[in-house]
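Next come two complexes, and both contain subunit A; in the first it sits with subunit B, in the second with subunit C.
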Partner chain A sequence: MGMQNQGPAGRGTTAWRQDRVPAVRLAGLRKSFGQLAAVDGVDLEVPQGEFFTMLGPSGSGKTTMLRLIAGFEQPDSGVIELAGADVTRKPPYSRDVNTVFQDYALFPHMSVLENVEYGLRVRRVPRAERRSRANAALEIVRLPGLGGRKPVQLSGGQRQRVALARAIVNEPEVLLLDEPLGALDAKLRQEMQLELKRIQREVGITFIYVTHDQEEALTMSDRLAVFDRGQIEQLGTPVQVYEQPATDFVAGFIGISNVLERGGRRFTIRPEKICLLADGEQPPTGSHIEQGRIDDVIYLGSATRYQLTLSGGGQLTAVRQNTQDAVAGTLGAAGQTIGVAWREDQAYEIAGRRRGAAASADDLAPAGQRPVRHEGRERG
Partner chain B sequence: MGVRLDADHRVKGGRSVTSTMPREGRPAPDRPSPGMAGRGSARISAALWRRTWLRATLTLSPPLAWFLVIYLASLLVMLVTAFWSVNPFTNALEHTWTLANFRELFTGTYLSIIGRTIAMAAIVTVTDAVLAFPVAYYMARIATQRGRQLLFTAVLLPLWASYIARVYAWIVILQKDGTLSWFFDKIGVGPVNIGYSNVAMWLVFSYIWLPFMIAPIYAALERIPDSLLEASGDLGARNWRTVRSVLLPLALPGFAAGSIFTFSLTLGDFITPLLVGGANSNFIGNVIYANIGTANNLPFAAALAIVPIVIMICYLLGARAAGAFRSM
Partner chain C sequence: MEGRLARIGLRIWVGGVLLFLFVPIGIICFYAFNSSNVQSWPIHGLSVKWFSVAWHDPQVRAAFLLSLRAAIFATVVALLLGSAAAFGVHRFRFFGREAVSLLLVLPLSLPGIITGIALNSAFNFAGIGLSLLTIIIGHATFCIVVVYNNVLARLRRVSGSVNEAAADLGAHGLFLFRTVTLPMLSTAVISGALLAFALSFDEVIVTTFTAGAQNTLPLWVFGAIRLGQDLPEVNVVVVGVLLLTVVPVIAAARLTGGGGITRGSAAGPRISGG
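On to the complex of A and B.
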């Protein structure tokens, strides 16, 4: 995960070079809808060839960001640059970006091949070249031989792939993806996550991916930005953002946050980093140890989740893998008191108080356990 | 019976109705027994709920009966009448089969009347399509909610006024010394006289049937998701290209529906030709009307009346072949 160089690529490589002109540069971007500031001062640079994710709850401004880059919305102020060229005032058809829409937006009156060829036909690419490039794109998304079908004859996952082929066939500078997996079922979504990553590696195009699903963001991204209320809360690699959340909001939105206060110091600690001590068990050296009363034990299959109230104050969620030695229930039931330990270097101090926006119940659910939310197109 | 019905349930997806109605033939000890009347109506609705075909039959029988007796029967009588004739001396109907009426249709006078009617219907349809598209586009995709309501009312408002009154309003505009002539005279073009002509008919027809074109095109345009138009722009298409390659093809069913209205309504009209038409403005409808009334030749009128029906059948088949109904 993260910044590894992953194999050969077309015109870009996954291991971007900072000395090159960034694929996308945004400076002081603002956009309001009436009173609501959907995008509230965003500065961002996305290097070429990166898989970049904008993650945030609905209404955080991430889709508006995407629409600003695509040119569907005009910013109130700020600059949008694509590969060094200012495109802030240019219409969508003059921008070297393509979008994969949340609802796929396939033209229902055209066949799959006509859909994929559309961008090339508009740009007057000769027929033979058009055909071969469209077929190559369909092969990349693993849909060869379906060119003659109409979009209604395809499954959701296939439509998704056609939408992707229709975009990458134009070889844009940047590919924008607006929650493209939102309408697929969980299993297909996981499959497509890997597919998208593979395709991005193969074509080497910069991907800017919008999602509210933290698992998707962590799985696929080279880097990600966590959005809240039109601003970037944290920018970093998945490892950085998950392990060292900068704010309460990030900690709460990605994974389960345990925010504790000890001696005037506020810090977060991830549930899986907490060691629950069975009777007589010794904590790892250098651990901070407290007593905790078990409030609830939730069996999750591969792991068991414990809700605890600490003797030092505060609530804590701990997750313990159900290994061969530690099956659910072996630690004790609700009401019992057990030892709780964590290493000091796993507790990350967080900056300010959260900027409002209480995390909702499903924001706090662990990765893979969240109910699928089909959020509509957000305007801010 | 209870057992059989239970099996029925399972066939239809295993859903149970016990939560809303008592199951027949089996005591429900945990529930107070409903009164006789309640039980009867529940039984009827349960029986209907299980038999989709019965529901459909009961709902559709009255209109279907009406349709068969009133509509198809009269059409059939007309079709039969067209093969009869009238005795030229006694003016009595002769119930002998003949093709004479149809042969007469293909003589010069009637052919030109049929031709004029079809041509006018086609020109009016094209005119209305051209006029309706920008209006419908504005209503469906640009106007605010309020503007859309206002425009829709404005488009439909003329339909509340009498057809005759609206045609007479046009006579006031178009006649010699009318509003139009006065206006052109004032701006120095000189008086124009297009009242009582085919041009007048074209204007009046286009005006009268315009709402019937705007409404279906509006409905078709409104159904097109924004994202399709954005996708087209995103893929490099300028506005006109998007209109041509995405908007118009997807609005085609609306055009087809609207054109069926404007074409068939013009084809069957005989009042506008009568009121604003000139010396050579007879429509199929006018000849039918004359043959029912003054000429008293019902068989020939019937034969002539079949012509628009045949034309419309051809029109609908053509529209279907062009794919107009594919996304309806």
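On to the complex of A and C.
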């Protein structure tokens, strides 16, 4: 959580970017493996210097997207442009893109320094310059002095940093990262998330970052695209995507989704935006108030989660911070009925329901009346 | 208590199996130093004279040289064809790829007598006289498999992402092959070659059908034993063959098991068995 403190302006999108060519432009990109459309019509522009994340569940086509951009896969149709140049038919070695592979793919027979130098060696950079640039890159990833080791002598986190150094030393137009923190334990992951952010700011390279971890995507990205079945469900800043999920799928995939149907229209409200009213307590002005029965109270430490069934229909999850005057239990136990309120402007209408993606919302709307958002993207 | 007993029992069992396997070999090695030409227990005395006799025996020498030449050439052929086949099968998707893969491996599991007879009739049919060349062809049938299997296993294990990483960093063609593909394969290729050499050097059955009138070292041993001649020399030759086949096999095992492969796979997070 912790998102509510950030202004809706978010990070990233600034005006100067608009008059530059985007670092990456994808148009109508499609790639199928047999019957399966792994990437199913993607249009996307990533401005230079952005930390852009592709977020989606496993199998949603994220890796295939990166492989298309890197040139390891050929698209069935569509165009890939890097810094304004069409590279769709170019092989990987002539694209100004570098990848940090999920399994790192370090060269086991080379030392760390030789690994990092490899891209420069290919480009015939003189030895002395190669050395100093490789050492500088190792410095940036905070691995100075380990250049003489073999990859096998490093820990997982260190290998990850070598893979990163090996890529950024070439100063590519775009850096592709495929779940780079996936193999690390939770503590190291958090450390590396901050590190990656810092490194991206320092080197100013456009990052296209792939993850299935919504928290990682929200905390690191300037903008993100939520993927499902090879298509972009929603594109926006973390704040936009979190606060205003465009579809059931996004609402369900990012955080806990609350989807309510009122008057034939469907809304989503984030759990921490719901105000639970103790006896006699007045809601903030401009609130929408309903009555709800508490089904379950779950103590989470810093917060308490309430499962509610509303008398107006539908179920909600509400999260309440355990501040000094709102400790768990003060609101009543399961079975009691309390007032539930939220500000009208915190409930966002969901424009489309796609392919029944969010199971939690399925029981709220009769199957007959599903509004359609993007006609062309609907599938049976 | 039960675990302890089971452990002791297991140790005794393993010890028994090892004795069963190695005592006969030990006895032969011991007999090689027997001073008498009669094999009887206890031996009369220790001597190295049979080593000298065997070394100077022109028949043994000829057989040894033939075996060496056959093994070297068969290994070279296996290296070229086996590696090429492994690359082809690994790199390209083509119709009948699985069939090709199976057919390549088949000669190893086929009884040698079938390979031998088949080759013998084929050479007869084609009017090719039995010679060093036919021995080499016969040995190549199973030596290719060894190299092919070794190289293919390594390719499957390491090449994909590492070659892509090299291409991603701008390398291609010969440079990529020289700096990444080949170094990662080299230990697999070498160990394949050593195994092929060892297999060829002590092969009897296929050789029987492809050698004609000539004797390789194993054929000479075989013949001597059947006729009951030169038995002390046989012991010496067996020790020689043993050294020439065991040493490459151990070296190959170290290359693939001890160093090369584990080092290769340990660079990634995935741990591969074997």
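By our rule, the second predicted complex is superposed on the first by the 341 of 380 C-alpha atoms of A that agree within 3 Å, B and C clash if a C-alpha of one lies under 4 Å from a C-alpha of the other, contacts with A are read in each partner's own complex, and residues count from 1 in each chain.
We take it that a contact is a pair of C-beta atoms (placed from the backbone, for glycine too) under 8 Å apart; a residue touches a chain by one contact, two chains touch by 3 or more.
Note that the coordinates shown come from a computational prediction; the quantities given were computed from them, not determined experimentally.
Q: Based on the superposed arrangement around subunit A, label subunit B with subunit C as either clash or fit.
A: Overlaying the two complexes on subunit A (C-alpha atoms) leaves subunit C and subunit B clashing.
Q: A:98 contacts which: subunit B (first), subunit C (second), both, neither?
A: both
Q: Considering only the touch criterion stated at the top, classify A:183 as touching first (subunit B), second (subunit C), both, or neither.
A: second
Q: Of subunit B and subunit C, which one contacts the greater number of residues in subunit A?
A: C
Q: Using the superposition on chain A described above, determine whether A:146 touches subunit B (first), subunit C (second), both, or neither.
A: neither
Q: In the overlay, answer first, second, both or neither for which of subunit B and subunit C A:123 touches.
A: Both partners, subunit B and subunit C.
Q: Determine, under the contact definition given at the top, whether A:159 touches first (subunit B), second (subunit C), both, or neither.
A: second
Q: Could you look at A:277 and tell me whether it touches subunit B, subunit C, both or neither (first, second, both, neither)?
A: After superposition on chain A, A:277 lies in contact with neither partner.
Q: Given 2-10, 20-28, 74-82 or 182-190, which part of subunit B has C-alpha atoms clashing with subunit C after the fit on chain A?
A: 74-82
Q: Both subunit B and subunit C touch subunit A; at which residues?
A: 70, 72, 91-93, 97-99, 101, 103, 105, 107-109, 118-119, 122-123, 166, 170
Q: Write out the stretch or stretches of subunit C touching subunit A in their complex.
A: 158, 161-162, 164-172, 175, 179-180, 183-184, 263-270
Q: Can you list the residues on subunit A that touch subunit B in the complex?
A: Residues of subunit A touching subunit B: 70-72, 91-93, 97-99, 101-103, 105, 107-109, 118-119, 122-123, 166, 170.
Q: Which subunit A residues qualify as touching subunit C in the complex?
A: On the subunit A side, the touching residues are 70, 72, 91-94, 97-99, 101, 103-109, 118-119, 121-123, 150-152, 156, 159, 166-167, 170, 183.
Q: Applying the document's contact rule, which stretches of subunit B touch subunit A when the two form their complex?
A: The contact residues of subunit B facing subunit A are 225, 227-228, 230-238, 241, 245-246, 249-250, 327.
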